[in-house]
Each structure stands twice: as C-alpha cells, then as structure tokens.
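Order of writing sets the labels: A, B, C and D. Residues in every chain begin at 1.
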Amino acid sequence: MIDFAQVLSHYNYWVIITLMMTGLYIIVARGNLIKKIVGLNIFQVSVFLFYITISKVAGGTAPILTGDPDTVYSNPLPHVLILTAIVVGVATTALGLALVVRIKEAFGTIEEDDILEIEHALESETEPQA
Amino acid sequence: MIAALKAHLPILLVAVPLFAAPLCALFRHPLFAWTVSMLVTAAAFAGSLCLLAMVMAGGPLSYYLGGWAPPWGIEFRLDAVNAIILVIVAGVGAVTMAYARASVGQEISRAAQPLFYTAMLLCLAGLMGVAATGDAFNLFVFLEISSLSSYVIIAMGAERDKRALTSAYTYLMMGTIGATFYVIGIGLIYTVTGTLNMADMAARIGELEQTRTIPVAFAFILVGLALKLAMYPLHLWLPNAYTYAPTVVTAFLAATSTKVAGYASLRFIYTVFAADFAFEERTLLFLFLPLGLVAMFASSAVAIFQSDVKRLLAYSSIAQVGYMVLGVSYGNVTGLSATILHLFNHALMKGGLFLAVGCVIFRTGSHSIDAFRGLGRQMPWTMAAFVIGGLALIGLPATVGFVSKWYLVLGAFERGWWPVALLIVASSLLAVIYIWRVVEIAYLQPAPAGVAVKEAPLSLLLPCWVLILACVVFGVYADPTVTIAETAAQSLFFDPGAGLPPMDGP
Amino acid sequence: MMMTPELALILSLAIPAIGALGIAVTGARPNLREAVTLLTAGALFAVVLWLLQHHLEGGVATLTVLNLLPNLPIAFTVEPLGLVFALVASGLWIVTSVYSIGYMRGNDEANQTRFYVCFAIALASAVGIAFAGNMLTLFLFYEILTISTYPLVAHKETPEAKAGARIYLGILLTTSILFLLTALIWTWFEAGTLNFRLGGILAGQIEGPAVAILFALYMFGIGKAALLPFHGWLPAAMVAPTPVSALLHAVAVVKAGVFTVLKVAVYIFGVDFLAESGAADWLLWVAAFTLIATSVIAVTKDNLKARLAYSTVSQLAYVTLGVGLATSMGIVGGTMQIVAHALGKITLFMCAGAIYVATHKTEISQMRGLGRLMPFTFGAFLLGSFSIIGLPPTGGAWSKWYLVMGAADTSQLVMIGVLMGSSLLAIAYLIPVVARGFFLPLSDQEDRPQPPGYEISTIRWSEMREAPIWCVVPPCLTAVLSVLVYFAAPTIAAFISPIVGQ
Amino acid sequence: MTHYLILRVIAKLMVGPIMLFALYVQFHGDFGPGGGFQAGVIFAAALILYGLVFDLTALRRFASLELLCSVMALGWLLYVGVGFATMLLGGRFLDYDFLAADPVAGQHIGILLIELGVGITVAATMLIIFEVYAGRKIATEGEDDA
C-alpha cells in the first residue's frame, strides 16, 4: 500500500523527477537543435531545484546574520553551489546556441535529420575510390 | 623564493594558466598568445614534475584555498595518482603547444588564434584543476571549465570542415548531461554526509553504505564521469569530435581529457566509495568487466573499417579506454596499477600518433587514409613516428603499450581470470590490423602521380618525436613509471590519506 | 682498448645496429654500402668468435642493461646453446652478404638500401635472441626480428608480396602475442622470475595439467618454430628475394624459433621436469605429424622455393621432436639439427637463387638439364640435399643419429619410424631436382634433333651458364661446410653437453 | 524602434536607475543578498535595454566588442590577480586576511575586489553574448545587400 502522506511530503522530489525526465525526453526525442537545448535547460533546472530544496530548513530564514542566536537559517552552501552551476548552465546554453547559429549558417538547417543527411553526403564524397 | 613557490605549487599549477588565459584575450596578438601559452605550459610541466617528486618522496600533500581549512574550504589534495595525472596533462600540454605554432597557424584564421590559445589555456587549467582538487563540487566546476573550453576549441575545426560544429554540439549535449548527472550524485551525497570534501566524504560514507542514497549517488556519479571518459557505450560523442577538431586539439584532448575523467572515476571508485563497498564490487564485476571487454573488441573492430585515419585512431582510443576500465574491474592493486600505467602510456602513444597524423594533414591537407599513399618515402620521419606509435598501440615489447598490457594480463592472472587474460592479448591483434592497414598504404603503395609531398617542418616533427621517443624510453625503462603507478594504486587502494595535515603556508 | 666480456656482448648487438645505420647513411653509394655490410658481418663474426673463445676458457659473460619492468631487467648471458646459434647466424651472414650482393645486383632489385638495413637489424635481433639472459629479453628481440623482416618479405611490393607479408606478420604476431606473451606473464606470475636457469625455473612452482597447457602456449606461441598448424607463414614468406629466404627463412628466423623452443625446454621447464611431468608427450605427436605431413606436401610442390619451404617446416619439426623426447639426447640432436640444417638449407636456397638469377626459372619442371649448364650450383645442391636427408658424410647424419638415439632411449619406436620415413620423403623431394638437372635433356632442346654422339648426361663446360660468381661461390662454400660439420659433430656435442647434464 | 516615442523616453529614464541598482547589488553583496553575478547581469541588462531600443550600432558606439572583450579579460585578471596578491603578501591563494593589516579589513577588501572582478566579467560577457547574437543578423543582412 502506498503511503500517500509519505509520497506527498516529498512533493519536491516528484517535481524534480518530472522535470528531469521531461528534459531528457526532449533531448532524445526532438530533432530540432534549439529544442534540444531547451530540453537540456529543463533538465539542468531540475537539478538546480534539487539543490535548492534540499537546503531548505523548515522554518529557516535567509542565511543572513540577524544577531539572534536562536534564528534558524536555511543552509546557504547549496545555494552558493547552485549559483555556480547556474552560471555554468548559462555559459553552456550560450555556447550551445552559438553553435546552433553557426550550424544554421553552415548547413542551412537546424533539423537533426537534415544535418545527418548532409553529413552522409559529405562522407560518401570523401570515401576512397578504391 | 623557491620554498615559497614550492609551498604554493598545487594552486600555482591551476592559477597560472588561469591568469595567462585572459592575457591572451586582452592582447590579441597570435605570436604573443602563443608565447605566453608556451611559457605557461612549460612552467606547468616543470611544476608538475617537481610536485610528482615531492609526492613520491614525502607522501600526499594538502593545500587549501583562502582562509578555510578543510573540510570546509576547497582543498587541493595531491598523492601519486593526481601527481602523475598532472604530469600527463601538463606534459602533453607543453608538447602540443610547441606543435601548435605551425599547426594552428595553418588551420585557424589569424584573428581567432589568440582566442584559441585562451580557450586552450582554460582547458588546461580546468583539467589540472580536476586532477588537483580534493573537493567534489570544485571538481565539477573545473570539469565544466575544461569541457566548455574544449567544445569551443573543437568547434574551431569548422574552418576546415563544417562537421566540427555538429560534433561539438553533440559533445556539448552529452558532456552537459554527464556533468549534470555528476552534480546530482554529489547533491545526493551531500544530503546524507553534509560535506563536499572527498576525504571527508570517504570517512563518512562508511557508516552510510546501507542507505539507498549512497548506491544511487554512486551510480549517478559513475554514469556522469563515464560520459566524459567515453566509456563504452557512452562514447558516441568522441569519434566525430576527435575527427573534426583541429589537429592540436585532437592530440591534446585525446591524451588528456579522457585521462582526467578516468582519474576522477578512479578517485570516486576507490577513495570516496571504499573498495569494499559491496554495491561497487558488483558494479565492477557485472558492469565494468563486460563493458571493458566489449569496448576493446567492438571499438577496435569498428576502427578497422574506417577510411579516415583520425577517426580510426579515435575508435582505437575508445578501445583503449576499455583496457583502463578493465583494469579497474579487477578490483586489485595490479589491475589498478595497470589502469594508471595505461592512462600515462596511452597519453604518450595517442598524443604521438595524432601529432604524426597532424604532420600529414599539414602537408597533404587530408586525413583520409588515401592521403597516406606513398608517404613512407616522402615523409619518412613522420611515418616512422606513426609506425612506432602504432607498434606501441599494438603493445610490442620495448614500447609503453607492452608495459601496460603486461600488468593488465598479470592482474587478470592474479584474479584467476584466465579467459580475460587471453582476451586482452587477443584484442591487441585487432590493433595490428588497423595499424597495418595504414602502414601498408604508406609504405607499399606508390604515391599518386604528380604530387610531391615534402617532409613536415621540424617544428612539427620535434614535438611529435618527443612523445614517440617517450613511448620507447618508458617502454624500455619502465621502472620509474611502474613504481609511480604502483605507489598510486597502493595509495588509492589502502590509504586515502584521511586526516592529512594541510601544507603550511610560507 | 681491452676486450671485456661485457664489451663484447654490447658490441655483438651494437655492431649490426651501427652497421644498419651506416648502410642507411651510405645508401646513395652502393659500393660503399656493400663494403659496410661486409665489414659489419665480418666484425660481428669476429666478436662472436671472441666470445666463444672466452667461453671455452671458462669465462662467464653476463650483462644487465636496465630494468624494463621492476625486477625484470634486459639481460644477456653467454651460454653454449646461444653461442651455437650466434655462430651459425653471424657466420652465415657473411656468406649471405656476399651472395646477396650478387643476387640483388644480378636481378637489379629496387630498394636495396632498405633491404640491407633491415637485414642488419634482423641480424642484430637474432644475436639478441641468442644471448638473451631471460625470457623477456628474448621476447623483445623475437618481436623486433618479426617486425624487421616484414619489409624484407614485402620487398617486391607486388600484390602477392603484400599478401605474403600480411600472412607472415599476421601469423607470427598472432602466435607470439596471443600465446607466447600469455605464457610469459603466466610464468612470471607463477615463478616470479623469467631468468634462464639450468634445470628450469618452473619445477615445483606449477603442477598438474597446467604444466602441459603452459608448455603448449610456449610451443605454439613460438610461431617461428613453424609447428602445425602455425606453419603457414613460412611458405608465404617465400615471396621474398632469395637471400632473405636463404638466411632468414632457413637460418636466422626459423632457427630463432627452434632455438627458443630449446631454450624454453632447457632453461624454463628443465628437461627433467618436462620428462617427469609428461607435459611434452603431446608435442612428440604434433611434431611427428608436422614432420610427415609437410614432407608430403613438399613432394607435391613444383615451385622449388615452396618445396624448400615445406622441407624447412618439416626439418624444424625435428628440433621440436627432440624437445618432445625430453631427453639429453633429444636436446643434443636438436642443437645439432640447428647447425646441420642451417648449413644444408642455406645451400639449397642459395642454389635456387642462383638458378633464378641465371635462368629466371622457379619451377622444378622447368629445370630439366640445367645441371649440365650449372654444374657447380647443382653439385652444391646435391651436397645440401644429402645433409637434409641425413646421409653421411654430411652434418645432417649426426643430428638424425642423435634423435634416433633419443627416441630409442625413451623406447619411442614409432618416432624412429617417423624419422626414417621423413628421411625417405626428403629423398623423394630433393633428389629428383638434381637428377632432372643432370640426366634429362634441357627443356628447350627436347624437340630438337641432337647431333650424333650427343650424351645428355655430359657436362659441357663450353656451354656453362652459371650465375655470377658472387652467387655461386657462397653455396659451394656452405656445401663444403656442411660436410665439415660431419667431422666436427663430436666437438659440438661435447660443447653443448654441459647444459643437458651429460 | 525609432518611431516608438514612449518606449524611447521610458528606456532612457530606466537605464540610469537600473545601473544604479546594479551598483547597489554589487556593493551591498558584502552585507546582504547580492554580489557580482547578479550585479553584472543587472548592469548588462540596462545596456541591453538601451541596445534593444536604440539599435545595436548605438550601443556599439560606446561598448564595442573589442572593448568588451578587453574589459572582460580585465575583470577576470582582477579576480585571479587578487589571488596572486594574497600569495605575494604571504598568505594562501585567495586568503583575504593578508590584504590589509587587520584581517577583518582584509576580508572586506578581498571580497569587494573579487566581486568587482566577477561583476565586471559577467556584465561584459552578457553584453558580448548579446552583441554577438544580435550582430550576427546585421552581418548576414549586410552580406545580402552586397
């Protein structure tokens, strides 16, 4: 018997898992290079959420010194970590989009199937004539 | 002064390239950028050798950043394993950088060259950082620094072949997924241990083995790193990326980036999760062993049918990663030494081979196997280098390949896995086939009529031969490398160096 | 400078290596290049002779260079077996060098510099094999020998040459990497050493069926010994120019193979251990089968070099059979066979080459009557054949004698029969060549009406069509040598007796 | 966009306050939420807004790609430079205690400089990304015209 209370109390995990699978699915199933990057972003965001939610302490406040020794703070470390990860994610997205722009210029398309077709054509051109 | 330098050596190896990279971007002059990069990589190589000597003489070192002592702050922890990896990265970096002057001059437009060197230095810094750091999250950051910059430098091959763009894109996708998996794993460990310091994690994980979180974290981290390592069957990004990247980049990445990812996996498998972690033992036996064997045979078999020499070597790299994975799967010290030895040895031979192919590209403009016709006579030095590198790949005695294979087979015997020992030697016969295809075409086919190809210039030959000669020297005199590898394996296996006193500041 | 044993050992390896360098440098000037070749060969032989004398005086020569792997150095030791092999290889190199000069120039071959360079490297590795002090060193030079002879086999660069070279390299590398290397590491794992030691290093370290398996790995791993079914490389290598077949595929390479077999039997397993454990029993039968089967194949071959190649495979099996007997007689017989067969077979190959240079004929059926035009060549061929068959007064008689004695010792009566039968087969495939040469009319004169008083069996000195003198003298010399060996045999037997504990 | 007067006026009014807010986030990062990353992005946002409304060429007039690249490199150098400075002053890499006689003051200076480096680099990088993407279009259109 599924313990619904248990399941619901971990709702953040369900959100994260849903997002993660959605992102991975998009990456695998979509042929459009931009959409793949969107999928990658959704995937990464799920991990960001994971870090952020695990550091939340029930009843805790933002980790800024208040001077009151009884204050409960949330764990600031994962937030800082994920800030770094977000920056990395932004950089990856920017680089990925830049590549897509260049691919569009070079191949004239950003659909994976079309690109593969062009690449195969190139491949058979350079095949040795033995 | 020397003492001060020595005390800060671990961070200097990472910080100096990190400092030099923006300089290249700031003063956008190709020659200046190359000079800076050359000096920095040479210095890093010297530093890494010094560090290796220090570690071999005095045992593991620890250095922490800022005013935060471990396990809170970021710690750089160095033992024989890291040190040898640092030597590989910096050494290959220095050699390929010397090679880059002529090769990059031909393959990349003048305006982009300074930025190329910037990215190259960043990649170097990232790889050095991964190897040096003792902090799991810091490792992720460095991994991404190196990955992002390697996507860039691979894509720079687009000036010659537009397929470099799509291969960089694929690499970016898979690399990012791998890195994200790694982060998930680290997050899971953090939730149960509350620490990011690897040594600290190792100390705390012991009690938590039974929880479900730890095996899940282990799986995530392993899959993430395996993607970066191009472990079969997660290697799909590698062949195209290596084929279409600029020559220097291919040689550099082939010799270093998979090695560093391999190191990181070793670190997690043996230091963070102890070797007697039951889930891990099963993973090694039921996952690493078969996958390593499949990689050895499947990738070598694919390599045989390639008509592009760079792609051929790329597939061979995947097969060689299979050897490393196999060594890990034994779960004994000999196997682990074999893996570490092969990390080092394979860097030498694959680096040398790719540089030799680079010489051919430099003169003929092609890396198709057809372009090699008659080169045995026209480019004797280049082809001689290729043959020696190839023999090393096959694993003939007096080359480094033999040494790795010796320990790999010995480890299998120690484990009592006779069939595996036979499979290892059998798989190297596939290497004979794909190497000999190229050799036959180069030496026994006449050059296409009317095409005169000159020998590559000295500035390319010299770096190439440095690596090739190293293949022979460390093949004939493997005593030092074996000793280092064994020390490294011992320290991974038995003594993670927990509770190491940090290095004093000056 | 004083000659020390260490220096002599270094020189014995360095001389051919430096020679190869010298040949490469002087490649543009053929006369100088050939002078370097001859000088190198002579110097090497002199050094080996010095080592022989040193050894006879009771001196011990060992040399440890550096550790290839921890506790596993590259080391050299002079011992009787190795000396015999080194003497044969380096001595015959001089003869072959003279011969190849005549052959290569007579045929106007391309890539002569590469040819001589690879030849010198091959010789260096043969000497390395001869003086290797442990199995790893031996393996190292064994592989260098394989690689350095590959360009020689592929010399002509024709599709057939390429295919032959591919088979050559394929089989030799496959066996050595797949079986020999595995055997090596296994031995290291069990015994903790790979040093050659009299009486073997494996006794007491390993037992049961594992001994036989390990022994099999060694025997099949040493592909150069051409044990069935791994003999295919030897006929394939016949696409090489004849001097290569003569020196390498009758002497250096194949003898390196059987020499390694002997070394493994004597110094790794130990004859006594082999006899006790019975690990070598199966080898007798494989060797016997190889012996007979390849002799039969040889009879069916019309191409002279192919026939000689199969004969070589068969003759090599004699040595293996000697090892399989696992008695001291067998080992002595095997060693004698190395010497006798080397001299005999090199004669035959050089004769085949001389015929090719003079008439460009390769098939035996085309050689009718040639004996009367080339009496010296065919005369040498006859003596060589005697040695291979085992007729006195040639060296081959002794090796067969010892082997039969060894078989009798162990009451292997079947083996005596096999040895006899194979000698008969040798008569069947060798003597017709000579007989056709002397007693049948020349193939292109068959249909012509003969002048009265014409005796087809007369040598007509006025019509003599011998090959260039450089090609004729060497086989005659080796033919004479193989007769001399008959008289020197007891000395050789006494020389190697210490290693078999007689 | 030249016709949309309201947009132009409001954008002009907004740019200044946004920059000011960026500076606030930058320097307040020492005591509260904020810091170089956020400030850099906000600062860049102000200029990107300007570029969107008044055309890329207007933005490029005072923030050309070359300049931005140099600024980015300088910010980056500032960050690593602080690390080297602490080492030269006798501490470890990025050990701010050594930047001033008093460790607490040193921490202040250190974090300020580091965040400044980060802010500069992030702002410059964001602008570079914007200009390069937007500029790509101009480049291709230019080719079409020619």
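By our rule, a residue touches a chain if its C-beta (ideal position, glycine included) is under 8 Å from a C-beta of that chain, and two chains touch if they have at least 3 such contacts.
Keep in mind the model is a prediction, meaning the values are calculated, not measured.
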Pieces of the assembly without chain B, by contact: A, D | C
item	value
Of all other chains, the one whose Cα centre sits farthest from chain A	C
Cα-centroid distance, chain B relative to chain C, in whole angstrom	45
Distance between chain centroids, defined by C-alpha means - chain C, chain D (Å)	79
For chain A paired with chain B, centre-to-centre distance based on mean C-alpha positions, whole Å	26
Rounded Å distance, chain A centre to chain D centre (Cα mean)	25
Contacts with 2+ other chains: residues of chain C	none
Overall pattern in which the protein chains touch one another (line/ring/star/complete/other)	other
Chain A-touching residues of chain D, taken from the complex the two chains share	31-33, 37, 122, 129, 132-133, 136, 140
Chain C residues touching chain B - in the complex, by the definition given at the top	66-70, 74, 136, 139-140, 143-144, 147, 151, 154, 157, 161-162, 166, 169-170, 173-174, 177-178, 181-182, 185-186, 188-189
Chain D contact footprint on chain B (complex, rising order)	8, 11, 15, 18-19, 21-23, 25-26, 28, 63-67, 505-506
Of all residues in chain B, those that touch chain C in their complex	391, 394-398, 403, 405-406, 409-410, 413-414, 421-422, 425-426, 428-429, 432, 436, 440, 443-444, 475-479, 482-483, 486
Contact set on chain A toward chain B in their complex	24, 27, 33, 36, 40, 43-44, 47, 50-51, 54, 77-78, 81, 84-85, 88, 91-92, 95-96, 99-100, 102-103, 106-107, 115, 119, 122, 126-130
